[in-house]
Amino acid sequence: MLGLNKKDATLLGVVAVLVIFAPFILNPFPADSAMAQFNAGYPDLMQRFVIFGIFAVGFNLLFGLTGYLSFGHAAFLGVGSYSAVWMFKLLSMNVIPAILLSMVIAGLFALLIGFISLRRTGIYFSILTLAFAEMSFRLAYSVLTPITNGETGLQLTLEDPRILGQTATESGGIPVTNLFGLEMRSTEVLNLGGWSFQFNNGYYMAGALLLVAFYISIRIFRSPFGMMLRAVKSNQQRMNYTGLNTKPYTLAAFVISGMYAGLAGGLMASMDPLAGAERMQWTASGEVVLMTILGGAGTLIGPVLGAGFIKYFENIFSKINEAVLHSWFHALPDGLENAIVWVFEHFVGSGWHLTLGLLFMLVVTFLPGGLVEGGQRLGRLFGRKKDAEEKTATQSTPAE
Amino acid sequence: MGILEVKNVGKRFGGLQALGDVNLSVAENSVHAIIGPNGAGKSTLLNCLVGKLIPDTGSVMFDGQSVLGRTPYEINQMGISRVFQTPEIFADLTVMENMMIPCFAKRDGAFKLNGIKSVESEAEIRDRAEAMMEDMNLAEKRHMHAASMSRGDKRRLEIAMCLAQEPRLLLLDEPTAGMARADTNNTIDLLKEIKQKRDITIVIIEHDMHVVFSLAERITVLAQGTPLVEDVPSKIKGHPKVREAYLGETAAA
Amino acid sequence: MDAIILQILNGLDKGSAYALIALGLTLIFGTLGVVNFAHGALFMIGAFCAVSLNKLLNLSFETVDPTRTDFLGNPAKIKTPYVESWFGPEFGAALIDWSVPLAILFSIPIMIAIGFIMERGLIKHFYRRPHADQILVTFGLAIVLQELIKHYYGANPIQTPAPDAFRGSFDFGAILGFDPNTIIYPYWRMIYFAFAAVVIGGVFAFLQFTTFGMVVRAGMADRETVGLLGINIDKRFTIMFGLAAAVAGLAGVMYAPINSPNYHMGMDFLVLSFVVVVVGGMGSLPGAVAAGFLLGILESFASMNEIKSILPGIDQIIIYVAAIIILLTRPRGLLGRKGVMED
Amino acid sequence: MNNKLTRRGLLKTGAVGGAGLALPTIFTSGASAFTNEPMGGTVTLGFNVPQSGPYADEGADELRAYQLAVEHLNGEGDGGMLNTFSSKVLEGNGILGKKVEYVTGDTQTKSDAARASAKSMIEKDGAVMITGGSSSGVAVAVQGLCQEAGVIFMAGLTHSNDTTGKDKKANGFRHFFNAYMSGAALAPVLTKMYGTDRKAYHLTADYTWGWTQEESIVAATEALGWETVNTVKTPLAATDFSSYITPILQTDADVLVLNHYGGNMVNSLTNAVQFGLRDKIVNGKNFEIVVPLYSRLMARGAGENVKGIFGSTNWHWSLQDEGSKAFVKSFGTKYGFPPSQAAHTCYVQTLLYADAVARAGSFNPCAVGEALEGFEFDGMGNGKTLYRAEDHQCFKDVLVVKGKDNPTSEFDLLEVVEVTPVEQVTYAPDHPMFAGGALGSCNPGA
């Protein structure tokens, strides 16, 4: 199917089902129940899941395949966002030209940075990319404010020229990003019993693009080009003595991966037309590295899992406050309730970073292959006797 | 005019004259060995041939074209393949993949952005890789990770990868270094077989005189960066200059 | 001229901090081959050793003073530090005043212990793992450490003053023969520089002149061979980790009076110290130190108005510009060795 | 298809409409008049404060104030400022009879994270109002979001002129003072204390807020005769300011103005004192340092160094008016220490919002906005205050403060030098420093 082997087609199918039914899957608890706090099925977070999924899948094309650890990938995401917002300001609120421009600009930016940085390998390469990204961030925050609107972030105003489209709506508001009239922010709500499921246009558009991005990523993994990239990671010396020029391979991977980041940035701006400089800070670059490693570098689905994992903690755990904790445990005797709440308090709300840090350590210590390995172990635990079979299968396709 | 012509090549590293004034001519379809004691400049010379080092003086012509100033992959694309002292293979990849990469390199050149078609659908490449593996007795191991193979198999794989490119000149850098006698003999047989089946020129750098005298048609003896003698094996054996250079080392051979 | 000398002093001062952190980071890179993202956190913990000692010495008992009221109108509680009541007000106050220098003694065993625990408990399991895994686990550790500090000390900076005697500044220019009052420099920053020089010198001497150091240097150059000689290099490497932690910690302790410590100061320094290490060249201790001072001085010069007026914003990015130029002209940084962390 | 951001309110409509039947309700759309219209017996407010990053302590204090405000609105506790507030429509029974509930989130002091957090409150939790924040970048970003989403934004601590200047929004309201007001209040006191022939040297955090404050202070002081020797931008990420401070020694400046906030301010001030600037005598005058925007929480980090240094602040717990006393009492009793200016602003904003809803009789953002616009009130700690209709900025007295020489407790760091009357800090809505933006029209969402 689609030029994929059965296993990959199944994987793509599973991801497609997950994306399509995410509003249900991520909303397992009735909206009024105490557990509703853990629901993640609201448009903003679902959009973030798929957008950061795209970002991480793209990053993995570089890091997972070639082993080149870029510490400046957020710069491409940031540049993509700025391009998209400028497109909204100047041309039209349609997201298509904005996203296209984001990818082109991010690709060009990646070509420039990649061309220079790829002259070095290993940690020297990492530091070069880091240096470029930090420079972009710092300049965007200060000197480049006329283009980036600095600290506040580039946003739409009521005075944008917008060649194709109106400057302001009739009611005096700023027009909304749309796909040929389909508003990105509009949401349908399905109420079923106590559940409330939200279907957001923007999410489905981003989700569709994630599927395309994921599909392309599978194709690249399975292609001769992908094999060459893995060969680069494995032995550059042999590559050279096999008549292969490694530089264009790595540069192509770098640019493709930069364009993925640009796509993610453009989508972020399409969902929410604002581009902030912090998107380019080293912490943001570090985040995508963590997502990829956490999920499982070099695997197809790992980066998406890693992205979801980190974004879930950032958005769900940070919102659990003392009052919520008390409401969970109010059935317990007072002393015990307070004791439990006191313990939990350190790990949620303002302590969400602590939980995340601990989980990083636990995952990497006990699951060397990242979350994907966790999944595989679970699968083996519940799986039938097909073990032996599968082992050989995974061995022959190490890039799974 | 040989296929490989080395003229007046010299190379200095700081104060050390690694290569003095090397002249070498390798005839097409011959097996030419370069021997010499440690530090004689054998590896330096080899590195000058494949583009890893650029000589300070002289010229290196392959099939009438200069290789100087070209990068290793360009030189490889001209038809020179190199086998390393310790096998350089793609350890993280399977044997099959290891074999396919040189086939791609042969067909598509130094770079091709071939990102959509799947490797599996490249029937032509697969067939060639399969054929080569059959030929080299590697077919059984096609799904193994290269890293998990024995040293002998790694060597075999590396040679197979080089041959898959159908090079006109194969450079072997001490292919039996550190091998047990049985493995060494296997390698000698392998190389003999290769030579029998193909029109190929082989230049071999070797320490082990048993290997050299089993394979070589001509031998160049290098000492202190300059060629001492060049001749057929039978003449080399008793040559006084060689004995002197090796200080009796050759007596065993 | 005096402006330039002042900026050189500033640069040396900043460079001292960079060099000390980078030195420890390189020791860990070079000996253990581990990318330690928690190294910034060690620097931060060092600074909080100073804060903690200060707090400890300031532990007080409360007496109610009925003549005064607090902000709610209740009788005010007067706090008296225990040390003042135990050792008399004068000596007690002096003890508190000297808390930062005292913290040096206090911090060395703590930092070494933390280093040991980190290495034995966590890092040693990652020697054979890919660098990516090392980054993830040490980054997780860094987050945990800084969150713990945040939990106990809050997010705001905490003032940790130097002893009163060193709080002011002195006329450094007069010593050099300049006009009075042209080059005025704070005592503590001078002390910091001198301290850094002593620590750096101490580490080098230790590595140069002791058998232990010799083995470790050999291990840095070629771990396998040293292992083959039957020397238990692992044990020595644990000690090296403790040493690296102590160097970072000392850098932190002494830095506390310069800028009030806060829980994320480690992260602020982390990226920078990585840049310093890499610019210096992987695995090279002199390289790390040289790069630290070089980047510190460049940063100081870039913030001069004369230069900023030509290149606006240059002070924001000078370190990165310098790093790029150096890495492009010298493939392995200033003094890097071939093959260390190049793949 | 016309229903924009979704809300839990809708769910409740659905639940009521379905009357508990298992029948699936069809896709709902346009069931309510505005975003997140509260349908049940409760109303949800969103408190979006920094819980991680450099301003986490300030965020924690804001959160305490919000919790206190919710208590007071729901009729618990001692009522705090509800007793002194000039408007008396709030009865301690929630807002419009609906019990006040709240959700919290972490802005991380990053625009992106703050917007994500605010969106989740709007989309998931059904918050009808968002408030909080500790920096102008975040305030402007979240304000823009609330405008698009159709909820009210009651800004927390944000001092940049832009928040109610070029980035003002119809759905956004600011109680906190701004950089212009700091300049207008501070300059006369400075000239009174230090004379009119001073030469000032500015160090300015190199981002939007820093620039607006520099512009404001330069304009205000120059109008009174001061000369500005130089203005130097410092990187946000700077931790050691020594290389920016030593060049000051080479000039003939005799005043240093630090347009820094938070950690930057603590470090630059500490560094400046280390370099002996305060012991210097230039042009026959004592060298002075000024910190135009003070934060007491942060000032603690600078310790002794703040002594005698002038600045301005929105509010201080030592004020003796009835409103301030009532607030300090209930806050201090509950938490054991006095509130910060950020806590004060956040508490007041929550009460003002509730009061506006009560007066308007509706949670509709447009109705609430109308009730707030031009609203005059008193008893909230800054004297008579006006929420100006033209730009949604509060106009009230501004405090000029000085680092206290002999603090009696760890909270007693600042003393109020002067309460600058509101007239002196009022400016025209079209003042050039605030020009360039438009409120637009209020957006109720649906």
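Going in written order, the chains are labelled A, B, C and D, and every chain counts its residues from 1.
To be clear about the criterion, contacts are C-beta pairs under 8 Å (C-beta built on N, C-alpha and C of every residue); 3 or more make two chains touch, one makes a residue touch a chain.
All figures in this text were calculated on a predicted structure; none of them were measured in a lab.
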item: Chains touching both chain A and chain C; value: D
item: Central chain (by mean CA position); value: A
item: Length of the line joining the C-alpha centres of chain C and chain D, rounded to whole Å; value: 35
item: Separation of mean Cα positions, chain B and chain A [Å, integer]; value: 46
item: Approximate Å spacing (C-alpha centroids) for the pair chain A, chain D; value: 33
item: Chain B and chain C, separation of their C-alpha mean positions in angstrom; value: 52
item: For chain B, residues that touch 2 or more chains besides their own; value: none
item: Numbers and ranges of chain D residues touching at least 2 other chains; value: 52, 56, 60, 206, 233, 235, 237
item: Residues within chain C bordering two or more other chains; value: 313, 316
item: Which pairs of chains touch, using the document's own definition; value: A-B, A-C, A-D, C-D
item: Of chain C, residues touching chain D in the complex; value: 2-3, 6-7, 9-11, 13-14, 17, 68, 70-72, 76, 150, 154-159, 161, 167-169, 182, 184-186, 188-189, 258-260, 262, 264-265, 268, 299-301, 303-305, 308, 313, 315-316
item: Residues of chain A touching chain C in the complex; value: 63, 67, 69, 116, 119-124, 126-128, 130-132, 134-135, 138-139, 142-143, 236, 282-283, 286, 289-290, 293-294, 297, 346, 351, 353-354, 356-361, 363-365, 368
item: Of chain A, residues touching chain D in the complex; value: 31, 39, 42-45, 48, 138, 141-143, 145, 149-153, 155-159, 168, 171-174, 176, 183, 185-194, 196, 198, 272, 274, 276, 278-279, 314-315, 318-319, 321, 323, 349-350, 352-353
item: Chain D residues touching chain C - in the complex, by the definition given at the top; value: 52-58, 60, 206, 230, 232-235, 237, 239-240, 242-244, 246-247, 249-250, 263, 266-267, 270-271, 274-276, 279, 297-298, 300-305, 317-318, 328-329, 332-333, 338, 408-409, 411-412
item: Partner chain B, residues of chain A touching it in the complex; value: 3-5, 219-220, 222-228, 230-231, 233-235, 237-246, 248-249, 252, 256, 392, 395-396, 398
